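Working notes, structure below.
For reference, chains read A, B, C and D in written order, and residue numbers begin at 1 within each chain.
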Amino acid sequence: MPLRSAEEFLASLRDGRRVVYRGERVEDVTTHPHLGRGAHHVALDFRLAHARPGDDLLAVLAPDGEPMSRYFAIPHSSTDLLRRRDLIEHVTREARSFVPLIKEIGTDALFAMMIVAGRLDREAGTGYAKRIRAFYEHCRDRDLAMAVAQTDAKGDRARRPSEQAEPDAYVHRVRETRDGLIVRGVKAHTTNAVFANEILVVPTRAMSEADADYAVAFAVPADSPGLTMVASARGFGATSVFDNPLSSRYGLTESLTIFDDVLVPWERVFLCGEWRAAGPLARTFVEFHRFTAVSYKTPLLELLLGAAALIADYHGLLAAAHIREKLARLTLYLQTTRGLGTAAAVGARQVDGIAVPDVALTNAAKYYFAQGYHDAVRDVQDLAGGLVVTGPMEEDWDTPGVRRLFERALAGRQGIGAEPRLRVINLIRDLVASDLGGYLEVLAIHAEGSLETQKLTVLQDAEIERVKRLAAAAAGVEVASSKIERV
Amino acid sequence: MPLRSAEEFLASLRDGRRVVYRGERVEDVTTHPHLGRGAHHVALDFRLAHARPGDDLLAVLAPDGEPMSRYFAIPHSSTDLLRRRDLIEHVTREARSFVPLIKEIGTDALFAMMIVAGRLDREAGTGYAKRIRAFYEHCRDRDLAMAVAQTDAKGDRARRPSEQAEPDAYVHRVRETRDGLIVRGVKAHTTNAVFANEILVVPTRAMSEADADYAVAFAVPADSPGLTMVASARGFGATSVFDNPLSSRYGLTESLTIFDDVLVPWERVFLCGEWRAAGPLARTFVEFHRFTAVSYKTPLLELLLGAAALIADYHGLLAAAHIREKLARLTLYLQTTRGLGTAAAVGARQVDGIAVPDVALTNAAKYYFAQGYHDAVRDVQDLAGGLVVTGPMEEDWDTPGVRRLFERALAGRQGIGAEPRLRVINLIRDLVASDLGGYLEVLAIHAEGSLETQKLTVLQDAEIERVKRLAAAAAGVEVASSKIERV
Amino acid sequence: MPLRSAEEFLASLRDGRRVVYRGERVEDVTTHPHLGRGAHHVALDFRLAHARPGDDLLAVLAPDGEPMSRYFAIPHSSTDLLRRRDLIEHVTREARSFVPLIKEIGTDALFAMMIVAGRLDREAGTGYAKRIRAFYEHCRDRDLAMAVAQTDAKGDRARRPSEQAEPDAYVHRVRETRDGLIVRGVKAHTTNAVFANEILVVPTRAMSEADADYAVAFAVPADSPGLTMVASARGFGATSVFDNPLSSRYGLTESLTIFDDVLVPWERVFLCGEWRAAGPLARTFVEFHRFTAVSYKTPLLELLLGAAALIADYHGLLAAAHIREKLARLTLYLQTTRGLGTAAAVGARQVDGIAVPDVALTNAAKYYFAQGYHDAVRDVQDLAGGLVVTGPMEEDWDTPGVRRLFERALAGRQGIGAEPRLRVINLIRDLVASDLGGYLEVLAIHAEGSLETQKLTVLQDAEIERVKRLAAAAAGVEVASSKIERV
Amino acid sequence: MPLRSAEEFLASLRDGRRVVYRGERVEDVTTHPHLGRGAHHVALDFRLAHARPGDDLLAVLAPDGEPMSRYFAIPHSSTDLLRRRDLIEHVTREARSFVPLIKEIGTDALFAMMIVAGRLDREAGTGYAKRIRAFYEHCRDRDLAMAVAQTDAKGDRARRPSEQAEPDAYVHRVRETRDGLIVRGVKAHTTNAVFANEILVVPTRAMSEADADYAVAFAVPADSPGLTMVASARGFGATSVFDNPLSSRYGLTESLTIFDDVLVPWERVFLCGEWRAAGPLARTFVEFHRFTAVSYKTPLLELLLGAAALIADYHGLLAAAHIREKLARLTLYLQTTRGLGTAAAVGARQVDGIAVPDVALTNAAKYYFAQGYHDAVRDVQDLAGGLVVTGPMEEDWDTPGVRRLFERALAGRQGIGAEPRLRVINLIRDLVASDLGGYLEVLAIHAEGSLETQKLTVLQDAEIERVKRLAAAAAGVEVASSKIERV
């Protein structure tokens, strides 16, 4: 099947899915005043695939000779991973730094499930690999949009899934029937699920035997009976392009995704009680997804650096030492984040023919990005000046008598009038001092796992043992062989 | 005259002042749907003064035996400064961390003008000190609300006031008449000026002789002919107390303050062409005001720490090592900021009977606060979790069918239901991941002068010379006597 | 008895004490080629007390009307604590930043023992307070030098004292006799004990009931039978004043202090099995001592800043923006550390008539100092240039033919010859890039407790509960009442 | 010619070169008690080349079919650069983290000279490329050891070379003769020059026309008449392997290299007055050399991490949260530094057939390493404990009676006696709290250019313009076209 057009994609979302927004059922997510904005934003992903015919960055040939979206291309080498990174960067850059996330994350989950299923099948005689392969071809050949629901609602964070007072705090097996598996429970902040054709579900953490019912992975169409998505209204407050050049037009849509005795046909069940595999699946998915995250963060950092350089220029301060210092820091931040992504791809290892980005370097990249984001925000705010939060808004600007005042008072250096200056200042406010700015800060820290997780993931036994031996040799002692225990 | 009541204060704002909001003239700032919120917020300052009769924290006796607001008490000692700090902390804490700023900043300016005028009068034979004293008594005895307009619109930041293409980019002397001084120009982000009785104007920077016309300081009533205040609509977007417990009720109002040939009677003119005094006045005011700023920042830091501890508690994680680490960092941030404020007061020096907080320590305090704010935000966001930007909003919560879902899915540890958890999460979002959060970040950096200024202000010749001598003695060399040049 | 002279002090060290250095018994620590350097350095403390007769900074009147060293003055108020800080700063500054530590630390321990003993006597009917008072008067009236041995050898750090394979890893009670208590065990890094008249011993940590034998505190004369001090040779490598202007002349001497069945007369036993008081005594001593530490750190920071400013001056770079930035950072570091010390004194609370510095602020000060030290070192090294580790040494300099080369090649800006430049560079190397520099870095982190301890000590239940209430009120919820658990 | 043996290399150093050490002429650097240590250390480079016959990491085939050291292999691709990095890492790791630096830096300079000469020849019709090629083959075919002298003595840093009071502060052209160029002047901290066969000289900075005499590049044999090397005695103080396991055996030797009317034959002159090329040559060399530096830093970071993990293990603390946190930080530091090196190689561009590592990424790598070094030191010191600076030394340890004490008191966790613990602690002290530790800190900051230079080098016009366009498009404005000015 050829690549779908943006229109075909949008049409496919009108399928009777149960979406709730501000307490009301949404009939059509593509025409809804708020959610429709998101739907058309993510449709860009389909539009771009047709934008440059013959460009193999966006589409390649599937085994059947038909074009397929490059997202579905299974990476076999470092070069493939670098190309996948280029794809995600390109699309996100075109999308003004807002990653569509309707194919990136889904394929991350598919690749992870392939790897874990292969191992599980070999060890436990299960037959998941074939099912996943079939489901992957189903998505690929129909050019489907996919969301991934991983984070459970969780409840008491100091207790395991099976210990929760509220049994639905984690998605779980209710019972098995001839037709399939019945599941139930709540997943929190699932991104862009309301615009997906398929919802892929993976566990959020390692499980013990007592948690076996919670060790489930599967996929269901977005219009499955019993599936409700409560879309968050966060991020749809902005309406003026002058005031909020980004958040009035772009954004990611988060939802609480509720499974209320949803039937999953067996060929779509990819884990069902094999609790030992829950942790590896959660981790393998997250590793692929962190590499994706590092890839889609660079366009945001480019925008921050660009906006900072632009306003410094408008203020006539590009040559000032402390301005150059801040621009250099922002450049280092961008270069280092991107460079570590490159290194993660270059250091990939093959598992069953799939190239997996280097775990330590992917985490180093994600951690470096997340740890430094607030400092970058501070530098951009610092460069932009106080007007970022006190400047006039569109309604002021559109009043002739008032605008005249602003034009006199708020111009920049010679040749820069008040309007471009205010537009850049508003871009900066939208990026770093607004509801959107807050969302981006929280995303930097929490998306793809917390700072703590990323930091500790780099501690790998084998590497620690290797360097201990180097130190022991230098000290002239025998090396001990204790291990870093993983929690 | 006794202390005014909140009602008397509000009544005094209905004086025909020219306030523009979203392009329209506001008839009554106290009843306006948005600005009225601010008016009633700052009125708290008057309400508190009556709340605890006999409490000398809020009111003391004036020389005439009448009670006066303690803000007007001229500090003569470290103890007075510490007491002034306690006052500002108390009021700001009661005001949910939003300093009213209708007496704090005005008295900062009055104290600074007293000191600079005293020196100027002695050196140049001017007679400003008496005028300022009379104006101070006028404000004190009528219990007036005051705003300070300092930052000029500026235009090209690489050029001096007199070199600007737009002559009104800085407020300046137009001409002198028998009745007074005619002034013109634009001041940016003047806080709460629309709720003040008096607008005090001070220069924003040092001036050269060519800039003499820009070396002006004065005070005018808020309803002066030719004075227009364009209030910023930033910060009035929030309306739901559930969604935005703070920004739906509290906030500071910034305005662009425009002087269009305003006549200032001579007894209200405090600087007029004496360009050498412009820099000292700008700096002395800022020093007093940085001490005020450090004082009103601690309630915000208390709220950040409190909210972080509360959500950690709700999640059952108070004992986790990495949570304790973050709470400890937030506590250190609060304690260090406040401690440096204490040290600045203790290190005060007397100038003409007025206690001036230690410059290096005040700047160290303000810099430490400003430099660390984004790190604190990161820690709070980190502790709170991703739900901060993806959780349900009031309209979801108020729909019974949907609320039931949330109650099951979003409860915290045992004993903590979804509602209190969401309310605390919303408090956190409001503080650190919202339009308000962005405003607070920018304020941390830009209010009371930029990070660069604060950092470099601590470099003082005498101190550098002192420590160079210590080092020279330790090295066994003669000390050289070069100076750090001040830019 | 009047204040002792430096000579009387030195004479008192020739008492037959058992000191081992580089494997050999030292007959006289005052004339030993290495240790003698230390002995004469600490004697400065006595010399200074006589240097400015009538100056009450160094000596005050004891109750008996005789002069006593101010170190012994029990602080009753914030003012007393500030004065004690001034004393420690003054002496350390005179001592080129090397605190003598033969009265500061001893009085810290005495004050802590007075407080803990008072409480213990009231609660448990013991009679320690009187003994401590008598011992305090003994030290004060004889103007004695005191060392404090706290840190035990420890062994396996994951086990409690009573669980150690090696019973002497912690100092402990062996048995009680009519004459006194017999003690045994090893204390690590006791500073300047080899130059003390009295060795005070306090526990290093909280104890459980099983550890009761390890809950001991006492004092013994330095020449007690069974007491051996193995002095560390670290820090005595430097001999050229040109190459190492500081470490060739000054330094602290650390020792391993070994108690081999030492008899402690009962009137010198201050804790003996009351295990519940071990933790409070350890902590109270450390709190006093951290305040001392903050006081003696500022002269070191003055020296770092002074040396950095001096070399920047010699290189003609005082006006360069990035140099000013670094000098400003070093100044902020000094001012903030000192300011927090001031605030800790100002926030003191009275316990049984003794002013105890504010715990949170003392720890904030110590933590801020320790956390920032390596950054300051980096800035100083950065300012000084690579010559710090590649420059010529005294033997090169003293060779006429070679010196001529250096004089031509290594001069600074106009007017600064190679010699003063090299001397300042050598001062910097000695401070921040040498054995001494390494010692100072480790001291910053480990002396007076680790960074972790300091950070977590600021977390105080009452304060956390207070700010949680503020946040709960702002969020509109009831506050929960969980506690931060102390480990 | 085949690869030289270590013995052949050492023999070649006995050539009458003029080396001064501690004011005395050194007859034979290979047998000198101090310098001999360095000579035998760097000889390792030759030994390793023979250690694994057939291993193409160390030696490859030259065009003439003879084996040549891989250092001389001109990199044509990213893969070649990664392989060169692997070589430098391997040798440095074998050398206990002390890079030999007798071929790495020389080939860095040769590659840079090839590139700059090629451009210069094309632009100015000079004929340097052929000379450099011939000299390169001379070094390669004879397997020579090379040092590079770049940093001039400098004098007043605010003045250009031609403005110095002391004309020899920068190496310069004295006059030209038929036989060659006569040069004069002083180069500071030239590493391992006393062990080189050839001394390569490149300019240290950009030159103006007035500085044309200072725009010189050339190579001379180490035994050239008029050439004197004053070797620094820094770093030769340590003699006990127990106390200083590294610095008693390994080290880099810095020298002041003095040219006193040295005649350089014309075929060895590579720049002579073409002042415009001085800056490009200085920068191109430094870029190659920063890539080398990043490569030789990772073994040091491995050693730091390994020593930290080892001592944490010995203390039984590998599972403690705050220990894991520090080990994770050290791992991130290592991984990020190395990863950025990888990315710099992957991003290489070809210039005249030579692969040049990506400038921004090389600088990001070097900056990240240098900026974080002191934090890593702090973490290692923190993990190791205070004993690092107070523990016993070899002379104590070798005294039976004393050793018995230490064995009881200083053992680690079960199974770890005092001796291995002390050896690891001594390794740590040697690395991070000693003369060597100070040298390594200063090296991190100053070698290969200062932090300031590295930071600002990443600011590249084209990239800034590119991201400004992205921001302008997002803001809806036309982009301005100002440039970041390079200083």
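To be clear about the criterion, a contact is a pair of C-beta atoms (placed from the backbone, for glycine too) under 8 Å apart; a residue touches a chain by one contact, two chains touch by 3 or more.
Only a predicted model underlies this, so the values are computations on that prediction, with no experimental measurement involved.
> Write down the chain pair in C-D, B-D or A-D that repeats the interface of A-B; the criterion is over half of the contact pairs matching by residue number.
C-D
> Applying the document's contact definition, name the chain pair with more C-beta pairs in contact, A-C or B-C.
Ranking A-C and B-C by C-beta contacts puts B-C first.
> Based only on mean CA positions, could you tell me how far chain A sits from chain C in angstrom?
Comparing mean C-alpha positions, chain C is 51 Å from chain A.
> Taking the mean of the C-alpha atoms as each chain's centre, how many Å separate chain B from chain C?
The mean C-alpha positions of chain B and chain C differ by 41 Å.
> Where in chain C do residues touch two or more other chains at once?
In chain C, 322, 325 touch at least two other chains.
> Where on chain C does chain B make contact in their complex?
Chain C reaches chain B through residues 93, 96-97, 241, 245-246, 299, 302-303, 305-307, 309-310, 313-314, 318-319, 324-325, 327-329, 331-332, 335-336, 338-340, 342-344, 346-347, 360-361, 364-365, 367-368, 415-416, 419-420, 423-424, 426-427, 455-456, 458-460, 463-464, 466-472, 474-480, 482-485.
> Write out the stretch or stretches of chain C touching chain D in their complex.
Against chain D, chain C makes touches at 20, 22-24, 151, 153, 155-159, 165-166, 168-169, 186, 188-189, 228, 230, 232-235, 237, 254, 256, 258, 315-317, 322, 373-375, 377-378, 381-382, 385-393, 395-396, 398-399, 402, 405-406, 408-414, 429, 432-435, 437-439, 441-443, 445-447, 450-452.
> Within their complex, state which residues of chain D touch chain B.
Those residues of chain D that touch chain B are 321-322, 325.
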